[in-house]
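Below you'll find a set of structures to go through.
You will see subunit A twice below: alongside subunit B first, and alongside subunit C after that.
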Partner chain A sequence: MSNIYRVFAREVRGYVSSPSSYIFLLLFLVIGSSLMLFLNRFFAFGAAQLDGFFVYVPWLFMFFIPAIGMRLWAEEKKTGTIELLMTLPVRDIEIVLGKYIGALALVLVALLLTFPLPWMVSSLADPKTPFDWGPIYCAYLASFLLGALILAVSAWVSSMTENQIIAFILACSLTFALYLIGFPAIVSMLPEWLGNLTSKLSPYQHFSSLYQGVIEAVDVVYFVGAIGLFLYLNTRTIESRRWA
Partner chain B sequence: MSSQSVRRFKHGSNAIVGTILLIVSLVAVYYIADRSSWRIDLTRNQRFTLASATQNILKRLDSQVNVTVYATSEGTPPAWTEQRNQLRDLLMEYRSLSKGKVKFTFVDPSKDPAVERKAQENQIRRQLMAQESAKEMSAREGYLGFVVEHSGKTETVGVISPQHPLEYQLTMAINKVAQVSIPKIGIITPEVNQYVGEQGRYQAIPQVLQQEGYDIQSIAGSNYKQLLAADAPDMTFLLEPSKLSDEQLFQLDQYVMKGGKLFIASSSFNPAQPGMGNQPNGLQPFASPVNSILDEYGLRINEDLVEDWGLGVEMMLRTTRGPVITKYPLTFRITDLNKETSATDRLGNIAFQYASSISQTDKAVTGTITMLAKSSEKSLRQENLFRIDPTQLLQRPKDENNMKAYNLLAMANGVLHSKYADVKDEDLPILTKDDGTTYIVERANVLSQSKEGAAVIVSGSCDAFGDELIQQSPLNALLVLNLVDTNVRHGEMISLRSKMSEVPRLRIDIPASRKDLLQWLVIGGVPVCLIVLGIGVAVYNRMRRRRLGAIYGSSMED
Partner chain C sequence: MIKVEKLVKNYGTHRALRGVSFEVGQGEIVGFLGPNGAGKTTTMKILTCYLPADSGTAMVAGYDVAQSPVEIRRRIGYLSEGAPLYVEMGTIDFLRFVGGMRGLKGEKLNKQIKTVVERCGLEKAAGKLIGELSKGYRQRVGLAQALIHEPDILILDEPTTGLDPNQIQEIRSLIKEIGKEKTVILSTHILTEVTATCDRAIIINEGKVVAQGTPQELMERGSGKMNVIASVRGNHDLISESLRGIDGVSSVEIVSPAEDGVARYRLTSKEHLPLAERVFHVIADNGWALSELRQETVTLEDVFAELTK
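Take a look at the complex of A and B:
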């Protein structure tokens, strides 16, 4: 556990002193809140809801999180520091988890910094139809789990290549495809059995179900399981350097 | 094979087997979780949990209910697919909660002509399904409706309405066919002359109530003897009473004394007054005929007309200076609804028009009086000659000191007192028998105190329940349904109905400057803090490098 913490602390220190993490946070916050307030015409519609923000979160994540994930391993490989990491008396899974949790902390900070949005909406809500915090908490949980899944996919893709650009493009495409196969428009074009399968495989249905305000066992199991699977694959890929 | 190849093969196969095992175990856990009903509904109204009304109705089912869903299954637009899947999930929950008494089947009329014929026989309507793709927009016809059958009775929902929650539509249909005793609602409306094409303006309320499964009984004529019959309505609506005979008043009063529920929607002025058409000003205040019995219950409809300058509805007027958009204070929204009563708790707002205020009488009232709705704090009363011409009501009054809120909807229940308990024997009304002969009511037959369950609800506006306003403000219809439900079915359907009525709204009085300030603060506030923090960290790192450079040499500074 202490090894995971050491790797995690090293990652976090890297993020704090790196301008790229500030740029990531800044762009995410400005684009996210502008999309809700201007593109979605929040004040014109007059509904005290945050759907206009959370509906864009998956798309923002599909672009921003691969940008964080691409450097997790690809950079270590390119600069050669991975050799140093591999020689440390730390298990591969501990390195994978430490690096992953470090990057996940950045995603969590990005989400937490959007809290002024629900605060603003709740303060402007009509007391006769009070603001409902339940779905907001669920939407944050859904966004966090989706972010964690996209990061796990990106980290795994990053572990397979040295090139950060390739890692970024591959991770974006993979998460985009995974998300898209659950879209009702796509599902309705497929035969019923295939549509059912793809909608269960895609994070779209699970994210939508969570963000409405209901935490269901199946959705939590999906996200935790999928994250676990990609972290396992990541560990195996890193491990393969030893015996390949 | 070299030792390296063997090692590669061993590790590689180990990784593949491990991955397959992990995937298999994840699929197994997912399968179990998918079948589990564990869930936490964090929405305020428990929007995604079956309402208590649904649960009670399903638990009360005495025999099997069959639901046949007629649904096109292929090539449907996403919204249809979503609704079909939701209906399937919902029916699975119903089946589990009813311990198997609700059985359902999905059939596709688009695939089988025999099923299509059956669907049409059952009044399932064919609808146009619009399908949009990147290249073109196409449309074909499809089905999405269901039939509920119980003990030979059937109820059809020909088209699933996207405006109402699925649970509401399904539970209502099951309740309609499975309810043991159907509550009866009496409706008394002003007489219309059908020979000259008059249709009356209170057709929406009976329709809405009928859709909810109530049995509607129209009460007309000069005699309300149905109210005192053994099969009297459970609740009666008296809409826009203009003239009531002593006999009718007595029958209404005794109906309440027998435990009946009476809803009165009064007019503030008599529309039959001369001058209404050409001179819409100078209308005389109207003394409601029901006040004589209401006084004893503790309520009174005042002879006034409420102007609400705070929540008046905007309308366009043509004046000599051109069109003007103004708030008409005689048609207004009511947002001050009683939060303690389930009938009004979650409505948000309702619309009223030409309303009289309601006040409490100073008689020793034995019942409980509850005020259900008030106008805004910016209200005035017209007390003499009424002005209703919009052009006369363009300017908001400058002196706002006299403005205050007025009660517009009230309820009296508990033990209510009859005015006939105290009148002399010779003043008791004369009633008419079926054969047309008359007789004076005997003292022994007069009930002086109401039985358990009696309730009287008084609205200062009859227009609020007319077809025109109900069309503009569907929440008024919802108020009627909630009030009936509270009084007749212990309010069990309210929780289900409220699921569709509540959408959190922003306050309407937010100044534009505050909106601008808030949105720029939200967009820019945190990013500015981040930039400051980033610069701080960069400066700190630079200083640290310099300090280290001073200790260990200049190479640390690079």
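Take a look at the complex of A and C:
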């Protein structure tokens, strides 16, 4: 446990001292709020609601999360520090978890920094109909779980290459593929049984039902299970040293 | 301390190790010597439990690398090739991280950091980021992290590559100092390194151990011929003729031609015979002026070239 914490703390300190994490946060905020305010014509609607922002979260994450995850392992392999790390007397899973949770902290910070958006919207709401925070919290939970899943995918992909660009492109593609199999348009083209199966495997459906304000155990279990699966794959890839 | 038997490792179709066997005793400083790509680094990576071997066994401090990697890693300090470090970290932060991961904490950790900083001469680097340090200092930080938990065994992959001559001297004396108490394995393709620091050398070529022994023993292996160099003033046809006539001389060649009438000759002996005295007498009897007479020493370079041909 303390080893996981040490790896985590090292990663977090890396983010704090690196300018690229600030640029990342800034871009995420600017692009995220622009999408909501302009693309979704927030001002034109005249309604104090936030659907606009969360609709774009999967698409925002599809690019932003792989950008965080791509360096997790690829960079260590490129510079050779992975050898230092993996010859320490700790288990591989501890290092995998420490690095993952460190990057997850950055995702969490990015999400929390968007909090002025709902706050601003709530202050615009008609005082006679109090603003309902419940769906907002739900949407944040959904976004966090989706981000955590894409991060696990990106971390795994990053463990297979020493090229960050390749890791980024593969992680974006894999995320997009996972979305696709849950799209109603795609699902309706498949035989019914297959469509049912793929839409249950896709994070898109689970995200949609969560962010619409319904917290169901099955959706949460899906995310936790999928994250576990990709972290397991990540550990196996690291253990195999096939890239060494 | 370390016992390796018939290690085999393939990278795809490339056969990196083809049955490497050797032993290293406690407190020895052993040099792995070999051209680039000989299998030195691969052997070290197997000993540090970073890579698994395809077949063969390696025992380190009584543990099998395939069975108890964590136990072995606890007892090993490892500096991998090029000393890869986290350049964005401060020197002390980095040592604290490695020390922590190696189970040191609190007062003990602070004490160990202080010890390795002193020992590796890192006082000036203490307040800096690793990325700001020179190559020599980085190498020392790499050594410091390998020493922080006082391991019994130190494995150093090319510890002096890329350093300037002064830094090389410093690192070497540091390794010698450490080697007084600990078992050290270092790899190099610089032969003088082995003569300067190691008790014993293991020469590896194309994935096999081709020779091992003390630098002295290895040099003797290559010194079947005891050559003598002599510089003499006079008619060199006449001199060559007389030198060739000495009992035990198999050939005479002129190494550097006459300069002010002095030429340098190399005499190759037939057997393991010291020729110098006989050469002196022949030259003195003829009344020629002798300005240089020495036994040519066989260098490790010669042995190495011979063995890795």
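Note that in this section the second predicted complex is superposed on the first by the 240 of 244 C-alpha atoms of A that agree within 3 Å, B and C clash if a C-alpha of one lies under 4 Å from a C-alpha of the other, contacts with A are read in each partner's own complex, and residues count from 1 in each chain.
In this section, contacts are C-beta pairs under 8 Å (C-beta built on N, C-alpha and C of every residue); 3 or more make two chains touch, one makes a residue touch a chain.
What you see is a predicted model; the values in this text were computed from it and never measured.
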item	value
Contacts of A:C138 with subunit B and subunit C, given as first, second, both or neither	first
Which of subunit B and subunit C A:T79 touches, first, second, both or neither	second
Contact breadth on subunit A, by residue count: subunit C or subunit B	B
Touching partner for A:S20 - first (subunit B), second (subunit C), both, neither	neither
Partner chain(s) touched by A:S173 [first = subunit B, second = subunit C, both, neither]	neither
Residues on subunit A lying within both footprints (that of subunit B and that of subunit C)	17, 244
Residues of subunit A that touch subunit B when the two form their complex	16-17, 19, 22, 25-26, 29-30, 33-34, 37, 42-43, 46-49, 113-114, 116-117, 120-121, 124-132, 134-135, 137-138, 183-185, 187-188, 192, 195, 200, 212-218, 220-222, 225-226, 228-229, 232-233, 236, 239-240, 243-244
Residues of subunit C defined as touching subunit A within the complex	45, 48-52, 70-71, 73-74, 76, 78, 80-82, 84-89, 93, 97-98, 100-103, 145
Residue numbers on subunit A that touch subunit C, as the complex places them	2-3, 6-7, 10, 13-14, 17-18, 79-81, 83-84, 86-91, 241, 244
Subunit B to subunit A touching residues, read off their complex	7-8, 11-12, 15, 18-19, 22-23, 26, 29-30, 33-34, 36, 38-44, 47-48, 73-82, 335, 337, 348-349, 502-508, 510, 515, 518-519, 521-527, 530-531, 533-534, 537-538, 541
